[in-house]
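The same chain A turns up in both complexes below, where it pairs with chain B and then with chain C.
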Partner chain A sequence: MTSKNGLRAGAPLLILPAVLILAVFFVVPLVWIVMLSFMTSEPAGTTEPHATLANYTHFLTDSYYLTDLLWRTVWLSAIATFFAVVIGYVGALVISRAPEKRQPTLMFLNMCPLWVNLVVRTLSLMVLLDRDGPVNHILMALGITSHPVQLLFNESAVLFGMVQMSVPFVVLSLHGVLKSIPRELEHAAMSVGANLFATFRRVTLPLSVPGILAGSILALGINMESFVVPILLGGGRVRFMSVAAYETATISNNLPFAATIGLVLLVVTLTMLGVYQRLVGSMSRVSIALRSA
Partner chain B sequence: MYGISVSGVSKQFDGLPVLTDVNLSVRTGEFLSILGPSGCGKSTLLRIIAGLEEPTSGDVVIAGRTVTRDPVWKRKIGFVFQHFALWPHLTVLRNVAMGLELRGAGKQERRDRALAALRLVQLESFADRMPSQLSGGQQQRVAVARAIVLEPAVLLLDEPLSALDKNLRQDMQVELKALQQKLLLTTVFVTHDQEEAMSLSDRIVVMNRGVIEQIGTPEQIYNRPASPYVARFVGETTFFEGELEHREHGTFIRSSANGYIPLEADSSQTQSDRIAFVRPEWVTLHKPPYSEKRMWPVGKIERVIFFGATSDYLVRQGDSLIRVKAAGANDCFRRGDEVELQFAARLLPKR
Partner chain C sequence: MKRARLKLGTTIWGATAFVFFGFILLPLLILIAVSFNPTTMIFPPQGFTLRWYTVILDKPDFLSAACSSTVLAALTAAISTTSGAAAAIGLHHYKGRFRALVQNILLSPLFFPAVIVALAISQLMLIMGVMANLAILVGAHVVVTMPYPVRNVTAQLSGFDGRLEEAAMTVGATPRQALLRVTLPLLRDSIVPSLIITFVLSWNNYTVSLFLASSDWTTLPLQLRAYLQYEYEPFVAAMSTILIIMSATLLFVVDRTVGAAGRSRV
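Presenting the complex of A and B:
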């Protein structure tokens, strides 16, 4: 009894290492970034320790930063998320309908890309989309185009890359939800005259909305914050918040303004995810009902 | 005219036979139960009739139309699932009205007909609730309303009451039967509960390992089982195995374990090695000496099982423990009493 109580009393201590690591390596740098964003930088690159709103005013009043950078980041991420969810949904549906014993293998295959280094994965996409790459060869062989098409270093390439990055996460979050929908609910729809499409539209799809929302939150978060994909597949021609922050910090040597870009991205992302989370909350009625069914 | 006819249906899963050459006809308006232990193929047979499974071979005809290759949604069936299978994101009314919606019925018609179906199961006032707000019994009644609202040619029920507790189950049995008779629905009811099958059905199909053992009225199944399996599965049974022997007072089945067990009068066959059985209520107990000719077997009460309204005796006779239903309040024996058992066992058909 003593040992049990002792364990219970000591249990909070067990999270101490995690708290410490987060505090030292996450909270402290974040606070430093916040402070940094209120400073200015001399042309030489030294940081002036005076609190000022200049960086934010600069960002929020310049249409280049607002529309060309922030809006493009949000917009591209949203489109990529949409495609990732559609593609991921189909994948998750196929996996959840596969024979029970084959599902772990299929899920493993789905997660496989995540074990590969992000840069390596993106570089392989560059090989694929190169002027002399297999995609161009196939397009020419099919007679769709007579000469190689520029597939890299544009928004489509970045979109393609972001979709490829986020699909496995969408599959992961949808697979569980789709599996938890009893097949009987679909069979019941068929018994009252619903064909496969009507069954999907009226039963499977509405019941998987919580999974769609969870999957898109994940995908949107990943896409908004993605860096390797836009910098490599965009080839410096596609403006993206993370790339801009990186270039501001390294090339322009303006750390305070880079911090500002990063923080704006963080706040916008969190706001969007927060709104989404509210939606999920109101949808949770469905998932609760589903669990009790 | 048959409501459903199943001919030569076999089904294999991964090469293992689940159903073997099943032939079955359900009359229009008939209440037919498929009875058997879990894994006997009864649910698979029902799902083949519904179209939720495809038979490996054989044909299914519903209301005169061959539907073997038709998908579920083209067959005119109503299906009630064991675990209700109500759509949790829709209200009770919309659950019931879904089939009408899919047929393109107008809003007013949908509402009227769905409410009428809910009225039949006494849940009209619950129309706007969510399924999760209903009890198990209410949910299953909604499922029944959903299945009958389209006026299907046949109603198929897959162990619909097994998820409910006992009292509720008995109420639901009465309601279900009343509804079926009111609407004259051709009904196939799958169950593993023999009492349920007995009390509801016009006819019962007893299945064992993918094969139909017997089709008959509850009375036939109980009193004239076609095989030891049926006799054992339905009701309480004591078996006697031995050789037939005709004697002065009648025919007996003789074995070293039980001695001479009297058989009913028309057991005139003379094959050896036969099996006879007796039901608890066929036996009358007497204080010995009852018959001077010592015609009845003698046994000893080993246990008295009291149920309230009735009680059972377990009587040790030879190697057998014979279950006997007490006739009334006046016949009261105690543990250890010697008794004479007056009964006539029934021979089972030779396979």
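Presenting the complex of A and C:
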């Protein structure tokens, strides 16, 4: 079959443009910032081409970078991911239990925010949390507070923003999984006397672990690299890794150290995702083993 | 008894759905409402005006940023989808040693924080003495969007009947003709959404553009954020409303043309 070979022989030619673009605009730049992170910066802004670990030791020994910056990024992202998964789970459950005909519309509504510019979405939260905004009005109407509270420009605002941004992604990863759980299993559990809560805990929840895993990995990845949300909702007061990398490069003009911050963020993110995947993977295996025993 | 429980279940379901969709959509609706407020960025609005929408016409920097964003997004969508789809088709036929490696590289920008990709490109430009220009901005946008066409087209190809191409070639089509006349038309359902998704991702991108845009080629998200720093008036809400409506329209187009399969591929 010469014709079959024709397509096969042409295959590398089809792959080539994509690989070339990624080589020039992705692989080479990444190799360069890895190299850059081992150089030092001179006061004049020039870089010294000597291999040194100075940037990494600086980052890892200075409590400002380690606790104030890295730990805050990790901690806030983890909490935001937890809330996003809980809220997203409820949303996905609601959608997957809707009449079959209505589900596409509900998923469309869930997708809407994802197609809107991040700056716009963050701005909408600024209006919501404003001193004269709807949330403050509700708080005062309920008598929780007598005067408007400053809800913006602090860690809670950033946290709220990250949760709000990542929830639709969680719904996206969970919807398919929840839909594929046969309703007969839940009905069977209820018919042998399990109540709604027990059915959820013993049947629905364990079967949706793959979706929870996928959703939280997606949400954590998105939260760890948050950039617009901490800038706008944190008002410059909440330090975040990606923001620090940007500011170190542009304002302090310390390029090697900016590269170091970026790479620490990358390594920590990938490590967290890897550990999480293992942890949940082995936990669900244990629970499945226990159940079947 | 059973009917009463069913009714209760429906009520709880409805209330939960209401709260959930309120949580993810209400802020955007509030922002849209604020854009008609004659006074300040406060909800509920104290009146109704379309003034902020006409103000846009008096802001040439916003209009030129809108043009820049559209050109950038169109170029990104075209290049990203063409090269990504071609690579996916190539990988489908390529059985060589580097298959897994190439596939991983093509998808890897998904797992890298955009800040790092943008930082890396800007640092490399600096050392090479290259000034910020459109080509570099497009290249960077292509990198962060390309995993989507690669993934979408690969997904559709996995359920693709390879015998159709063979049949075409058996009756005398060259490999090129088989590709253009048989494979590509059949891949419409993954290529069209890929074009729209890459367009929207590029159009909305903030982080990558922030590092790489030059002063004479600034994008709409950058312009909006820059404006927010010194002006906080319903004009930005009006601007945002236009962006929201445009995104929703594109999403709706995808929804109608290729259905749920395309929509869920973001």
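Operating definition for what follows: the second predicted complex is superposed on the first by the 264 of 293 C-alpha atoms of A that agree within 3 Å, B and C clash if a C-alpha of one lies under 4 Å from a C-alpha of the other, contacts with A are read in each partner's own complex, and residues count from 1 in each chain.
The definition used in the following text is that a contact is a pair of C-beta atoms (placed from the backbone, for glycine too) under 8 Å apart; a residue touches a chain by one contact, two chains touch by 3 or more.
Note that the coordinates shown come from a computational prediction; the quantities given were computed from them, not determined experimentally.
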If you stack the two complexes on chain A, which partner ends up touching A:P182: first (chain B), second (chain C), both, or neither? first
Chain A contact check, chain B vs chain C, more residues touched by chain C
> A:V268 contacts which: chain B (first), chain C (second), both, neither?
Replying inline: neither
Which of the two partners, first being chain B and second being chain C, lies in contact with A:A78: first, second, both, or neither? neither
First, second, both or neither for A:A198, with chain B first and chain C second: first
So, does A:M190 touch the first partner chain B, the second partner chain C, both, or neither?
first
Touching partner for A:P206 - first (chain B), second (chain C), both, neither: first
Dual-contact residues of chain A (chain B, chain C) none
Per the touch rule, the chain B residues reaching chain A in their complex are 50-52, 71-73, 77-79, 81, 83-89, 98-99, 102-103, 130-132, 143, 146-147, 149-150
The residues of chain C that touch chain A in their complex are 13, 16-17, 20-21, 23-28, 30-31, 34, 41-44, 79, 82-84, 86-87, 89-96, 102, 105-106, 108-109, 111-117, 119-124, 126-127, 136, 139-140, 142-143, 146, 150, 165-166, 169-170, 173-176, 178-179, 200, 203-204, 206-207, 210-211, 220-221, 224-225, 228, 236-237, 240, 243-244, 247-248, 250-252, 255, 259-260, 263-264, 266
Counting only contacts in the complex, chain A reaches chain B at residues 182, 184-185, 187-195, 198, 202-203, 206-207, 286, 288-290, 292-293
Listed in rising order, the residues of chain A that touch chain C in the complex are 1, 3-4, 6-15, 17-19, 21-22, 24-30, 32-33, 36, 87, 90-91, 94-95, 97-98, 104, 106-121, 123-125, 127-128, 130, 132-134, 164, 167-168, 172, 221, 224-225, 227-228, 232, 242, 245-246, 249, 255, 258-259, 262-263, 265-266, 269-270
